[in-house]
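Next, two complexes with subunit A in common: one pairs it with subunit B, the other with subunit C.
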Partner chain A sequence: MTATAFAPYAAFVRAAFLKTLAYRLRYYTGVVTYLIYVTTYYFLWKALYAWKEPGESMQGFDLESMATYIAVGWMARSFYFNNVDRDIADLIREGDVAMTLARPVSFHGMMIADAFGASLFRLLCFTPPVAIVLFLLFPLKAPATGWAGLAFFVSCFLSLLIFAHVNLLVGMMAFRLHSIQGIMRAKHYLLELLSGLLMPVTFFPGWLENLSRWLPFQDIAYLPASLYLGRFPDAQLWQPLLRQSLWVLGLGLLAAWIWSRESRRLTVHGG
Partner chain B sequence: MGDDAVSSPLDSPSRPFVGPLGTRLRATVEVYGALFVQMLKVRLAYKADFFADLAATALGGLASLLFVFLLFLRAPELAGWSRDEILLIYGMSMISYGLFGCISWNLYEFGDRYIIQGQFDRVMLRPVGTYAQVLFDSFRIPALSECLIGAGVVAFAMQRLELVISGTDLFFAAVAVTSGFVIFTAVFSILASLSFHFEDRIGVSPPVFNMISFGRYPQTIFPSALRFVLRWVIPFGFVAFYPATGLLGRTPYRGLAVLSPLVAVAFCVLAYGFWRWGVRRYESTGF
Partner chain C sequence: MTAVDVRDLRKTFRRFRRREGLGGALKDLVHRRSETIEAVNGITFSIEPGERVGYIGPNGAGKSTSVKMLTGILTPTSGRMQVLGMEPFRDRREYVQHIGVVFGQRTQLWWDLAVIESFRLLGKMYRLEPGRLDERLGELREILELDEFLHTPVRKLSLGQRMRADLAASLLHRPRLLFLDEPTIGLDLMAKDAIRSFLKQVNERFGTTILLTTHDLRDIEALTERVLVIDHGQLLFDGALDLLRGQADQESVAVLDFLEPPEPEALRGVGDWVRWTRLSSTRFEARFSKSDRSLARFLGKVVADFAVADVSLPEPSIEEVIRKIYQERRPEREVMA
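On to the complex of A and B.
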C-alpha cells in the first residue's frame, strides 16, 4: 500500500485523539479509578503473601515483584484499553452504522485507527499521571534492564492491537445479536482473568495455563509485565514480541474474514 | 429501539391521581406496574438476545468468582481468613450487587441518560414520584443471575464451614443482604443527585463503583484509613464483610455486624435529602 492509502486512517487517528481530548475531564476520575484497582489488588496480594517469609516467592514471584507486576499491568492497561466493542454496538443500535459503511474506507481499519488515536492520547495524558501516582504510593521496581523496559514499551503497542481486535470481534457479534451488553460484560471479566491482569498465568491451574498458551489473551497483560520484570533474557526479547505480532496478524485476518461474511447480513434500523 | 417507541399506558391513566390517599396509592402502584410490564416487553422483543445476555452475565459472574478460587490454589489462607470464609463474604456481596444491578442500575447512568440527554423532563411531567420513576424505568433481569450464583456460593461456603445456621441467622443474613443492596442504591443515588449540580456524562460514579470490590474481602487486610472510609464514608464494608463476621462468629466486629441495617437507613435518609435538593435545582438541558 502507498502512503496515500493510509492517509484517511491517519485522519481517523487524529480525530480520535481530539475527541478524547474533549472528554479529558473523565481522565481525572480515571486516575482515581486505576488507583483504586491497584490498591485493592495490592493489599489482597500482600495479605496472600502473609504466610510466607519476607522475600520468599510463590510461582516465581516474590511480593515485591508481584506488586510491580500488578501495578505495571494496570499502567499498561491505562494505555491499551479501548471500547471498540461498545462503539460498534452503539453504531448499530443508533443506526449510525449506515453512515459509517457509506464511507470509502475499511470499517476494520477505521475502528483500529480510532482505538490507536485514543490510546495515543492516553499515552500522553493518562498513563503518566497513573504511573506517577502508583510509583509514589507503592514500592515498585524499575524495569529489569534498559532493553527489558524498551521491549515492554513496544509490547504495549502490540497489546493495544490485540486488545482492539478482540473488542472488534466481540463488537461484530452485534451484527447478529441486537444487544451484546451481557457478552461485553462476560468478556470484560474473562479478559481481566485470562490476560493475566489479575494474576500471573503461572498462578493458573496447569490445564488453564496450558490452554492460555494457545490463546492470544495472555499476550495482552501477562507478556508486557513479564518483559518489564526481566523474565526473558535480553538476547531472547524478540521471541515474545514476534509471538505478539503473529497474534495481531492472526486476529486481523480473522476479523477481516468475519467482516466479509457478516457485513452483508447486517440489518440497519432507521437511526 | 428505545422505550419511547412503545406507546405508554401513562398517556391515559385509568385512575385519577387526586382524591383520598388510598386511591392515589393504588393509582401509583398501578403506574409502576405498567412501567415494569412495558420494560419487560421491550426487553423480550429480542428473545435470543435476552437469553444470550443472561448466559453471558452468569459467565461474567462465574469468572470473577473463579479468581477467588485461583488465589487459594497457591496459598492456604489470606492473612488469617480461609477460602470458605472469603467465599461467604464474596457470595453475600454478589447477592446485594445482583439486586442493585437489576433494580438500580439506572442510577449509575443517571447523569448521562436523564440529565445530559434530557430525559428527566419526561420524568418531571408525570404525576408520580421522580425517584421511583427513575428506579422503575429499567430493570436488568440478567443481573439476577449474580444473585443466584451468590446464593450458591453462600450455601457452598456455609456447608464447607459447617456453620450451624438457625432461623435467626437466616433472617439476619437476609436482612444483611437487603441492607447491602440498599447501601449500594443509596450511595449511587447520592452520586446521581450530584449530576443535577455538575452536568457530566459519568461523573464520579466509576471510581466509587470500583470500590465495591473493596467490600468483597476482609477489611482487616486494608490500612486503617481505608477501613475507616469503607465504614463511615462509602460504607461498602457493611455490605457483606461486617455482617458475615457475625455469621462466622468472629468476635472483634460483633458490634459492627448488626449495624448494617442502621447504616442502610441512615444513607437512605441522606440520599433522599440529596435527591430533593437536586431535583429542585433541575433546569433541563433543553434538548
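On to the complex of A and C.
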C-alpha cells in the first residue's frame, strides 16, 4: 500500500479527533468516574492485604504494586477505550450504514481509524488529568525502568488495536442479529475480567489463567500494566510486544474474513 | 456505453413472523416461522448516460431496495446488474468513486463537524487534490448558497440547508451518476424549487445521469423526462412522462359549479355516459370517456340545461395516473397507502 492509500484513513483519524473534541465536556465527568473506580478497587485490595504482613505479596504483587497495577490499568483504559461495537449497532439500527457504505473506503479501516482518532484525543485531553489525579491521590510506583515505561506506552497502542478489533467483531454480529444490546453488555463485563482490568490474570483459577493465555484479552490490560511494573526483563520486552502485535494481525484478518462473508447479509433499515 | 443496465434483478428477504400474544411469543421462542419477502421481483431496465429518470411507486414497492442494490450497498439475490461497466456490490470501493448518493432522510456529513470539515474529509476520501476541491466548491457554493453555513456544524443546519450541503457533498468528486432517494422530502416549496433547478443545471452542465426516487410528483414533472413505475417489486411502466400522462387521458374530468343545487334527476338526464360525483350541494364532478366530440357534447348539454356558474377541467395528476396503472395491472391487490 502506498501513502496515498492511507490518506482517507488519516482524514478519518482527524475527523474522529475533531468529533470527540466537540464533546470534550463529557470527559471532565469521566475523570471523576475513573477516580471512583480506582478508589473502590484500591480500598478493596487494601482490605485484602490487611490479612498479610506489611510488604508481603500475593501472586507476586505487594500492596503498592497492586495499587499501581490497578491505577495504571485504568490510565491505559482512559486511552484505549472505544465504542466501536455500539457505533456499528447504531449504524445498523438507524440504517445509516447505507451512507457508510456509499464511501470509497473499507468499512474495517474506517471503524479502526475512527477509534484511533478518538483515542488520540483521549491521550491528549483525558488520560493526563486521570493520571495526574491518580498519582496525587495514591502511592503509585513509577515505571520499573525507562525501557519498561516505553514498552508500556507502545503496548497501550497495541491494546487500542486489540480492543477496537474485539469491538469491531462484536459490532459485526449486528449484521445478522440486528440487536446486540445483550451481547455488548456481556462483552463489557467479560472483558473487564479477562483483560485483567479488575485483577491480574495470575489471580484467576488455574484453568482460567491457562485459557487466558490462548485468548487475546489479557493483552489489553494485564500486559501493559505488567510491562510498566517491570515483570519482564528489559532484554525480553520485545517478546510480549511481538505476541501482542500478532494478536492485532490475527484479529485484523479475522475481521476482514468475517466482513467478506457477513456484509452480504446486511439489511438496511428504513426507507 | 449504457450507464445502467439491469436484467431480471431480484432481492428476497427472509423475515420472521411474530405470533400474537403471550402464547405466540412463547411459541416463537421454540420455533420461529419465517416468510420470504420478494422486495424486488425481476426488474429489467437500462439508462443511457445523461438521462434524468424518475423512479416512483408507493411505499414498500421496492424502490429503496433497488436503489440500495444499484449503489452497491445490498447484494442482489439474483439477476445481472452492470452500472458504469461495474458490478456495484462486488466492485463497491472502486464503483462508489464514480457515483453520488443522496438519501433525503439521512446525511453523509459528519453531524458534529462544520460543513467545510466534512467537505475536506470527503475530498480526502475521494483523493481529490486540495486545489481541485476548492475549484469544485467554488462552482457549487454560489448556486447552492453554501457560504451562509459553511462553518456551522451540520447538526445546527435547517433541513433545507442540510439538503443543499448534502447535494454539494455528493457532487464534489464529479460523479457520472447521481442517485437521489427522496431529495426534497420535508422541504418547503421554495427549497424544493431550488433543489430541482439545481439538479437540472448539474445534469445539463456536467452530463450527470440522474436517477431519482420521490413521492412528490412535482419533482418528477419538473425534473425527469422518463419515468419508471414500480409496485410489488415489479416494473409497471417505463417510458416518457407524457406517455404516462396519456394513459390516464382516456377519461375526461369536469368540475361544475351550479348557481343552485341541481335535481339529481336532471343531472342523470344529461346522459348515461356521464358519471357524476357530488362534491358539495352546488359543486359536482363529471367523468366520461374521452372521444372526439364527447367534451363538446357534454358542455353544450350542461350549459343549455343548467345555470352554470363555473366550469373547470383539471389536468389528471400523475398520482391519479399511477393509481390507475396499479389498478389496471393488479386488480386483485389493494394499492398500498
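FYI, the second predicted complex is superposed on the first by the 270 of 271 C-alpha atoms of A that agree within 3 Å, B and C clash if a C-alpha of one lies under 4 Å from a C-alpha of the other, contacts with A are read in each partner's own complex, and residues count from 1 in each chain.
Going forward, a contact is a pair of C-beta atoms (placed from the backbone, for glycine too) under 8 Å apart; a residue touches a chain by one contact, two chains touch by 3 or more.
Note that the structure is a prediction, hence the values are computed from the model and not measured.
Undergrad: Overlay done on subunit A, so just call it for subunit B and subunit C: clash or fit.
TA: On the superposed model, which is not a single observed complex, subunit B and subunit C fit side by side.
Undergrad: Give one of first, second, both or neither to describe whether A:Leu266 is in contact with subunit B, with subunit C, with both, or with none.
TA: second
Undergrad: In the overlay, answer first, second, both or neither for which of subunit B and subunit C A:Trp238 touches.
TA: Neither partner.
Undergrad: Based on the superposed arrangement, let me know which partner A:Ala7 touches: subunit B (first), subunit C (second), both, or neither?
TA: second
Undergrad: Does subunit B (first) or subunit C (second) touch A:Arg26, or do both, or does neither?
TA: first
Undergrad: Report the partner of subunit A that touches more of its residues: subunit B or subunit C.
TA: It is B that touches the greater number of subunit A residues.
Undergrad: Check whether A:Thr39 is in contact with subunit B, with subunit C, with both or with neither, and answer first, second, both or neither.
TA: It touches subunit B, and subunit C stays clear.
Undergrad: Examine A:Met99 and indicate which partner it touches, taking first as subunit B and second as subunit C; both and neither are also allowed.
TA: second
Undergrad: Touch test for A:Trp257: subunit B only (first), subunit C only (second), both, or neither?
TA: Once the two structures are laid over each other on A, A:Trp257 reaches no partner at all.
Undergrad: In Å, how small is the closest CA gap from subunit B to subunit C once the two complexes are overlaid?
TA: In the combined three-chain model, subunit B comes within 6 Å of subunit C at the C-alpha level.
Undergrad: Starting from the residues of subunit A touching subunit B, keep only those that also touch subunit C in the other complex, and list them.
TA: 23
Undergrad: Would you tell me which residues of subunit A are touching subunit C in their complex?
TA: 4, 7-8, 10-12, 14-15, 18-19, 22-23, 95-99, 101-106, 264, 266-268, 270-271
Undergrad: Within the complex, which stretch of subunit B touches subunit A?
TA: Where subunit B meets subunit A, its residues are 1, 46, 48-50, 52-57, 59-61, 63-64, 66-67, 70-71, 73-81, 142, 200-204, 206-207, 210-211, 213-214, 217-218, 221-223, 226.
Undergrad: Which residues of subunit A touch subunit B in their complex?
TA: Answer in residue numbers: 23, 25-26, 29-30, 32-33, 36-37, 39-40, 43-44, 46-51, 58-59, 93, 177-183, 185-186, 188-190, 192-193, 198-199, 203-205, 269.
Undergrad: Taking the touch rule as given, give the residues of subunit C at its contact with subunit A in the complex, in rising order.
TA: Contact set of subunit C toward subunit A: 13, 59, 64, 68, 71-75, 89, 92-94, 96-97, 99, 101, 103, 105-108, 110, 112-113, 117, 120-121, 124-127, 153, 181-182.
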